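Heads up, the next two complexes both have chain A, just with different partners, chain B and then chain C.
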Partner chain A sequence: MQGKISRRKLALFVADAVESRHTLGSVLRDVAAYLVDTKRTREAELLVRAIEDELAQRGIVVAHVVTARPLERELEQAIKELIDARELHLDSEIDESVIGGVRIETPGKLLDATIKHKLLALHQAKI
Partner chain B sequence: MMQTFTQFGASDIFSALGIDWKMLVFQIIGFVILVWLMTKFVYPPLIKTIDARQEKIEASNEAAKAAEEKAANATKEIAKLLTEARKEAAEIVTTAKEEATAIATDTEAKSKQEAERIVAAAQESIAKEVLAAKKALHNETIELVAAATEKVVGKNVSAAVDAKVIKTALEESN
Partner chain C sequence: MADIAVTELSKGLRDAIAKLDASDNLESVGVVTRVGDGVAWVHGLADAGYSEVLQIETKSGIIEAFVLNLMEDEIGAVLLGSDQTVSAGDKVTLKGEVLSVPVGPELLGRVVNPLGEPLDGGPAIKSKQRGPVEREAIGVMGRKHVHEPMMTGIMAIDAMFPIGRGQRELIIGDRQTGKTAIAIDTMINQARENTGVVNIYVAVGQKLSKVAGLVERLKEEGVMDQTIVVVTGPSDPASLLYLAPYAGTAMGEYFRDNKQHALMIYDDLTKHAVAYRQMSLLLRRPPGREAFPGDVFYLHSRLLERSAKLSDDLGAGSLTALPIIETQAGDISAYIPTNVISITDGQIFMETDLFYQGIRPAISAGLSVSRVGGDAQTKAVKSVSGHLKLGLSQFRELASFAQFGSDLDEATKSQIERGQRLTELLKQHQYQPMSIWQQCVSIFAVSEGLFDKVPANNVKDAQKALLTRLNSDHAKEMAELNKGAEKLEAKSDMGKLIAKVATTVAKGFEG
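After this line comes the complex of A and B, so read on.
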């Protein structure tokens, strides 16, 4: 019986597939099946992060963007310019609770310029 | 003389003078016997008594002299003791005064220290209270500002304002 494959190796395997684009669908299926088979489905979220980290090192960045309203094209372009990646994928999310502003999360970096965050920071400024 | 006596008659002279020479001889013998008796029996004990008395008087005089000397010595000793006692008393008084002064100084210093400590504690307490009040005011202000901002901004953020906010944030972080 084969030993447990580390999350790092799985992330490298998927990142290679993403970069090559040819076998991405089958690779993702295989990895998902492997996780189910080895009862490691709880690690899925962590594995996604590990894959994103690996891809970010290779210049392919997945940015999770949270705003209160859908982003205009002009702002999307500004975000792409800000992140400065070889290949950028925006994972946009609309969350009205942030009131306004933007929250951009990339592997290893976080920019939270939402009004909600600023209000929270104001609350935390209490002595 | 005897010739004169005999010439004129001795018995005649004694008779003329009213002296009975037989009686005179008898008296002389009696006197001699008295002197002898006195010398033999009266004078020795008398002299002995006198000598004893003399000795007693001399002994008394010596005792008196000794007592006088003793008294003089005792007076000197008393004077010496008095001087020492006065000196000692003066020393005791001086020491007591010094101790009293030291105690008073010490008490004064302690009182001063205690007063300073109380004042410092009061000042510290006041400073803490002022700081706590400032903190409370600061927090309350923040709370009010945050609540007001949330209410006002939450309702009034338009798409244009939101876009401007996002743009500004992106420019600032660039």
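After this line comes the complex of A and C, so read on.
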């Protein structure tokens, strides 16, 4: 019987596919089938993180950006300058609860410059 | 480089710093993927170092953990608090430092946990300094040979297995054989004799009722002012039990490095090894003998190596260690006991049989040894105790041999009788450590044959009377003898004086 394929190997496989511009859909279907077959669906979330980590190392960075209002072109440009990447994919989300500012999350890194975070930090410092 | 004018260097540099500051906010984060049994598995944080502190942001505040497993895509961290509030998905950041505890004289008289937080209900500890919990032991050139005595006040130990400052002497024995009692008496003796030695008692997974009793006793005896008690109970997480000895040692090292002397008591390292085994197994490290991980030897060797006598250049301070190991049914060849025996500079072996025969402290003369303490013995004690260990061992052998027949020659008989007297003499009640002069006089009286006519069961009373008489009538001479600088010989004036008083005292106790 063939041994279990490690999460890292799966991540490498998907990252290779992304880099070589294969149709991502079919690759993901294969991986999903493998996870279901080996009863490892619970690892899906971790696998996504592993894939993002692997891609980041190759210069393809997926950044989750949270703002209170839709991203402006200038800010987008500033984010591109901040994050050193060959290829940057922005996944922007609008969340009014952050009040203002921006929160950028990349694999392993976090920049929280939202008003909400600053207020919380002030609140904690006061305690 | 021509884009900035030389005159604007300052502005240019400041602008550059401001720009870098913005990217500095980009902090490394990880996320908790699994948690349970006091261990959290973290994804991300690729730049985390071994033994570094992590901060996990939970709904009810920050919980700290320290890194023990660094794997390809995951970190295994041991939580320093409860795992109840930590959940998968919590954000994890690096604290940017390895574990440290407050150190300094501010801790004296306090009862703390291994993180240096007070447990005695007193105010928070505001120390000027912090010491790293894990620290490399001092090197060869920073050390000096052990040469000053660390008097325990227990005659059997000070005479036969002397301990020196900077030595590591293991106290080993089954449960309920008086291991902790020896450690407590040693602490009490430091206060009574005003040696200035700082005591650090580390309770590893000890029953809290026992520790409370101990602290109470230390307060009664006036020892607490020069004592730090580091406590972990059986209900604390294994991570705290694991840290306790290292944290205590960090506190002791402060005194060692500041030209003072400190005494570490680790009660006990068996429980410490068990806590480490629990952590290792939960971190999925491969188990070895008795399910302990492969580095369990290193666990104790790196701890005990930090006890040392420093060279004069480094201030000549010292850190003495009295680790305690509990054996099962007297088996000193189990894994942890053999490890610690081989690390330490000798051991004091406590025997259950002796304990129940009423010979307390129940120290086995045959299995105990002190490898470096001989040089540290004071001249006075050394001069009287030279043949004590040999005599006692020979007596035990003869006594067992003599059971087979009653026809014994006079020489053997007298040797057995003297052995019986010695055994009686070395019995000592708890919390009654003896000064140097008391030890010298007692051993001198028996080994010189001054008590030969006193029956063995009266020896203790005769000894008491002799000490009282000498203390009241010859206090000055005894104070001199207490310095321990002179040999105590039968021919010397001191020897003659003691012989005279002892002979008169002995007459009152002859059977």
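Convention: the second predicted complex is superposed on the first by the 125 of 127 C-alpha atoms of A that agree within 3 Å, B and C clash if a C-alpha of one lies under 4 Å from a C-alpha of the other, contacts with A are read in each partner's own complex, and residues count from 1 in each chain.
In this text, a residue touches a chain if its C-beta (ideal position, glycine included) is under 8 Å from a C-beta of that chain, and two chains touch if they have at least 3 such contacts.
Please read these numbers as outputs of a predicted model, since none were measured by experiment.
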(request) Please indicate which partner A:82 is in contact with in the superposed arrangement: first for chain B, second for chain C, both, or neither. (result) both
(request) Considering only the touch criterion stated at the top, classify A:48 as touching first (chain B), second (chain C), both, or neither. (result) neither
(request) Name the contact category of A:111: first (chain B only), second (chain C only), both, or neither. (result) both
(request) Tell me which partner A:123 touches in the superposition: chain B (first), chain C (second), both or neither. (result) first
(request) Report for A:100: first if it touches chain B alone, second if chain C alone, otherwise both or neither. (result) first
(message) Between chain B and chain C, which one contacts more residues of chain A in the superposed model?
(response) B
(message) For A:67, using the defined touch cut-off, is the partner it touches chain B, chain C, both, or neither? Pick first, second, both or neither.
(response) first
(message) In the overlaid three-chain picture, which partner chain does A:8 touch, first (chain B) or second (chain C), both, or neither?
(response) second
(request) Go through the superposed model and pick first if A:32 touches only chain B, second if only chain C, both, or neither. (result) neither
(message) On chain A, which stretch or stretches are contacted by chain B in one complex as well as by chain C in the other?
(response) 82, 111, 113
(request) Could you pull out which chain A residues touch chain C in their complex? (result) 7-8, 46, 49-50, 53, 82, 104-105, 107-113
(message) Could you list, by residue number, the parts of chain C that touch chain A in their complex?
(response) 22-23, 25-31, 33, 43-46, 72-73, 91
(message) Applying the document's contact rule, which stretches of chain A touch chain B when the two form their complex?
(response) 67-69, 71-72, 75, 78-79, 81-82, 99-102, 111, 113, 115, 119, 122-123, 125-127
(message) So in the complex, the part of chain B that touches chain A is made up of which residues?
(response) 135, 138-139, 142-143, 145-146, 149-150, 153-154, 157, 159, 161-163, 165-167, 169-170, 172-174
